[in-house]
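Both complexes shown next keep subunit A, but they swap its partner, so subunit B is in the first and subunit C is in the second.
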Partner chain A sequence: MTSTAEYAVLAPRRVSASVWAARLLRGFRRRNILLGFSVFILLLITGTGILAPWISPYDPTRGKLENQKLPPAWIGERTATKTVVEFGQSPDQISISKAKRLKSDVVLGDRIEVVIRGSGRTEFLLGTDHLGRDMLSRIIHGARISLIIASVTLGVGGLIGTTVGLAAGYFGGWVDEVIMRVTDVFLAFPPLLLAIAIASALGPNFFNAILAIALTWWPWYTRLVRAQSLSLRERAFIEAAHGIGVNDLTIIRRHILPNVLTPVLVQATLDIGTAILTAAGLSFIGLGTQPPTADWGVMINIGRLFVLGGRWWIATFSGLAIFLTALAFNLLGDGVRDAADPRTRGADL
Partner chain B sequence: MIAIQESTLLRAEKISMEFVSRYGFLGRHQHRVRALDSVDLEIQRGETLGIVGESGCGKTTLGRCLIRLITPTAGRIVLDGVEILALDASALRHLRREMQMVFQNPFSSLNPRMKVDDLVAEPLRTHTDLAGGALEERVEELLVEVGLGAEHMKRHPHQLSGGQAQRVALSRALALSPKFLVLDEPTSALDVSVQAQIINLLSQLQERHGLTYLFISHDLSVVRHISDRIAVMYLGQIVELASSDAIFNSPQHPYTQALISSTPVPDPDSGRERIILEGNVPSPANPPAGCRFHTRCPYVMDICRRQEPKAHAVGEGHWAACHLLDKAPSDSVIDLQLIN
Partner chain C sequence: MQKFIARRMVVTVFTILLVSLIVFVMVRVSGDPRTLLLDDYASIEDYDELTANLGLDKPLFTQYAIFLRHALVLDFGDSVVDEQPVTATILQRLPATLQLGLAAFIFSLVIGIPLGILSSVKRDSVWDHVGKVVALLGQSLPPFWLGIMLMFFFAVTLDWVPPSGRFEWNSFILPAITLGWFTTAANMRLVRSSMLTALDSEYIKLARAKGVSESVIVWKHALKNAIIPPLTFMGVTLGTLVTGSIVAEAVFAWPGIGLLAFDALRQSDYAMLQGIIIFFTLMYVGTSLAVDILYAYLDPRIRFA
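Presenting the complex of A and B:
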């Protein structure tokens, strides 16, 4: 989770959507390669996530056992010499029970030649997993799950956090005191640990994982929004609204909320990557999405069992997907933050 | 309830405002600042009462207290027969239509994200049922009233000049036809040429709508131009109150004299003596005993350090609080109630 960064309380002037786009574009030019890369990855991931049912070549949850553990398409059939041992642990070992199936008269310590199947075809581009399911289809559907988790957790967390933060910052006094002490309790735990605790208390499933992450997330937004509204509250236009006789809820809605939204959106963009990572983490340890759902965290968890056996592709590609998504969202978040921060914005606007 | 003359719009009695900030573990220590100390004031219908004084003397606090933007810690305020310190929050919001405030810097008192038409419509939306075309019509009418027009309606505050923005703030204040306006240095953030325009606009509006102004400023020449009466404040107290002319022609309090001598006169041969005050304004957190001005007064006497001076009537509707005026202590000390 990212720490609360400093933001200008208010853009000094009203910023229209086109100006925003221009700022982002200038940011792209400034850090051309990184931001271009991140936007490319994000478009790719969001696109595949949205279109998953139509573009994925196979059903992500059904496979044929005869296709199990096929390597990626570019690895063809080959032969290898393996040592016969009690239990095969590394790529150059084979267990005695398996070896006996190939050749009935082997004994421990023999070296035998084994034919390793390649997928040999472009049928399974990224290979298959232990149940013969197409890895590419699973990763495409995993993008969908990750995006749903990230948007729902940040939506729920941001909504709770913003509402509570507005109340704390605007009303102050004991309301502020109570709310801030509650957030302190949440912030006292490392976020992932708290999410693990909540998820395991609620029971491991997709919905509870989302709830657990949202519950660990809101205090950060509360802190951010509170700080913003605290300083906004002292501004003359709020006092002017009081002087006119506008009631508190209308002041919050009309004068404070629009002015805290920018930093909240920036923070949310920065947090998407972390939310995806946390969700994958929960799934990895079995507290999030459950098999057979195609979730990146679940796929790594299963895939790690086969890495030592030489089937590295099952865990690697889902890990790569998480890594690229989190990285791309963080880079985009940096870009958005720079675009929103008047100090890094440049003087030409 | 004390009988209040028909001509009096607002009467404030013994208004005190103490700001308390707590610090230390669990707020065990506190820091008290007395911004206003027992201020009495009466404002007549249709007049402009000027408030002058140095920065930090409490003039803005007084303005805010009189319309209860902040609630004073002690005292009574009666506006048009209504005791405004006794009102609950919703009754107070309702009464806001009677009393409005214009702030010093229009760019900070107007929400930068709202457009002019929304800004001017805000008071109307809050207190009336106007909507749609009727609302728009009224907004335009208000803008024309302050010298702006329909072409300004869709602009944001940053697209306006300082004078235009202050006009928008003024039209917001006028939207509900208030009786009483607190003008908190409405011209000091503006260029000199624009200042004059705003001052003239204020005078016109006052005439047209029979408004009553409390005009807060540290600019003596502006205050003299617009005010009927002037109150001089020092460290949270009013030290002298008189008609504009009397304040400028026969200031009685040494502080008033020093203030007036500090205004530049466009005549190199005026030969006027400047009174230069020594030292700084003492902190309102720890005001000096006796007369609050004694640390800087050129005429300081022994009694000034011990005893707070009483208000003395020195002319028709003119009083000052200074020991120099204690001619015969028994008969000259007057009851404030009688002067007003």
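Presenting the complex of A and C:
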């Protein structure tokens, strides 16, 4: 019978946190600019997300209509010369009644200068939306929503996936067969479609969007964890643990789980960007967070209606926020993956 | 081979059943259709009659069986909004979605594959960097935002193409880029990494040692093997094109099934929504089944696995 001491020697050495940090740092040096940029953006976004209620200049859900659709602070006013006519029909005409309010002595046929868009104001740095709400405040609060959705989604999805995957990989046999066939079914159709079906079945709101995305996400983790624990199960240190009479639950908890956790965490880091995009997509089509909550996807959906009128800032800044967050997480994910697995280093972006 | 196909078919059938179950539950929990269909002056008798007509007096399991029987012949009832048969409306919108999907697919092949080849052959060149940026943008750009930004620059500001709708050929450009963007980046990454693996393999070294010209090595020896991973990925590609159409069509008011789904979601038209979700699922699992079988025929390693 193998003694405990011997079987401890057989166990693969777990990489300590300091080695991890060193590898990540080495990665930083290698891709200095990109990783540095991503960490800067992430700190910025996480910071604003956490401190949102204290740092945002205005209430994100309240605005004054007199401030509506103001452009960003650095944009000047836009004017156009219009012909005064009886009833304004085309964009280059203005009705006499309106013109009279601007200049009392106009007559039909005059050409006058009309302000078609006010200039930006310094108190609304990124402009305001159609209800006069400050865009900067809404984007700051949106960071909070976005980060919560992404982390809870991956947490729930990862938890379900890891548990089920451990069961499938460790026990094998019919348990494995049933679990893998169920994941096959879940993986066999487009994730967004499943999320749409689930979210509309449960009713569109913040929590159901999280649940819907988590439910489409777990099979990927199940596959990953199953493959890992399948090979671990055959390793000598597990057999040794069996030999000295350690029960299944303890083996899974003490020996298998710690060894599958690294790939799961790496995968989760790689997935955050996609989770943020998926959540924003659900909000955009009206199945996620509901107005008036400041959610980046909702803000783009509102903003798209004003783009045709040249009011680009409502959609632009919230989209830029999603883009930068997803980009930063994807870059970080690549860095973490490289630190965890030297073979993929520089293989592709 | 038969076993592989049989297995895939079983999974496909269960997938469709699972979707139909979700859709069935979705419609049941979304509210009582009787309150929508009857007005305030309806009597108890009207109410009972409608209950019987809709089969709501039967047990849930029987209701599901009836739903499945109708779904088998693609009968999803009438839209709550315009009271037209759901299937007819979907079929009428189908050509627009297929055309856009095809345009996006072609865009992703024409841009993605050559860029992947270039960036793998000329490593660390300008092309390689362009390829890396495209790959990163493909993963990180929200497609709906990309669409809106393209619309703002090329349609509103520059006025080169129409901002929305389905008219002449130039109205295809922006929606196709929006829809195909993710796929382009994915194709590029897959081709690049499988080309790098292929170019590093022993048979390429042998070909080089024999003095085979570089163009023959790249185009004949390496590419032939490197093109298989993107082919397997085609199932996933088609899936993203199907679901991506909801967002792309919504942004550009493209009159296809995606826009129909977007409108149905906003109007809570669950009859329409269940039809579209099942239709999309059928389209997707059907094509990915076909791709998998085709792939198994092409690659003996799968056939005999």
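Everything below uses one rule, namely that the second predicted complex is superposed on the first by the 290 of 349 C-alpha atoms of A that agree within 3 Å, B and C clash if a C-alpha of one lies under 4 Å from a C-alpha of the other, contacts with A are read in each partner's own complex, and residues count from 1 in each chain.
Everything below uses one rule, namely that a contact is a pair of C-beta atoms (placed from the backbone, for glycine too) under 8 Å apart; a residue touches a chain by one contact, two chains touch by 3 or more.
Everything numeric here is computed off the predicted structure, so don't read it as measured data.
Applying the stated contact rule after C-alpha superposition, one finds that A:Phe237 touches subunit B and leaves subunit C untouched. In the superposed model, A:Thr250 makes contact with subunit B only, not with subunit C. In the superposition on chain A, A:Phe171 makes contact with neither subunit B nor subunit C. With both structures placed on the common chain, the touch criterion links A:Ile198 to subunit C but leaves subunit B unconnected.
More residues of subunit A are in touch with C than with the other of subunit B and subunit C. Residues 10-14, 235-237, 239-247, 250, 254-255, 258-259 of subunit A are the ones touching subunit B in the complex.
Put simply, subunit A touches subunit C in their complex at residues 181, 184-186, 188-194, 196-198, 200-203, 273-274, 277, 280-281, 284-287, 297, 300-301, 303-304, 307-308, 310, 312, 315-316, 318-319, 322-323, 326-327, 330-331, 347-349. By the touch criterion given at the top, residues 11-12, 14-15, 18-19, 22-23, 25-26, 29-30, 132, 135-136, 139-145, 148-149, 151-152, 156, 163, 189, 192-193, 196, 239-240, 242-244, 246-247, 250-251, 261-262, 265-266, 270, 273, 277, 280-281, 284-285, 288 of subunit C touch subunit A in their complex.
Only residues 67, 69, 92-97, 100-101, 103, 105, 108-114, 122-123, 126-127, 156, 158, 169, 172 of subunit B touch subunit A when the two sit together in their complex.
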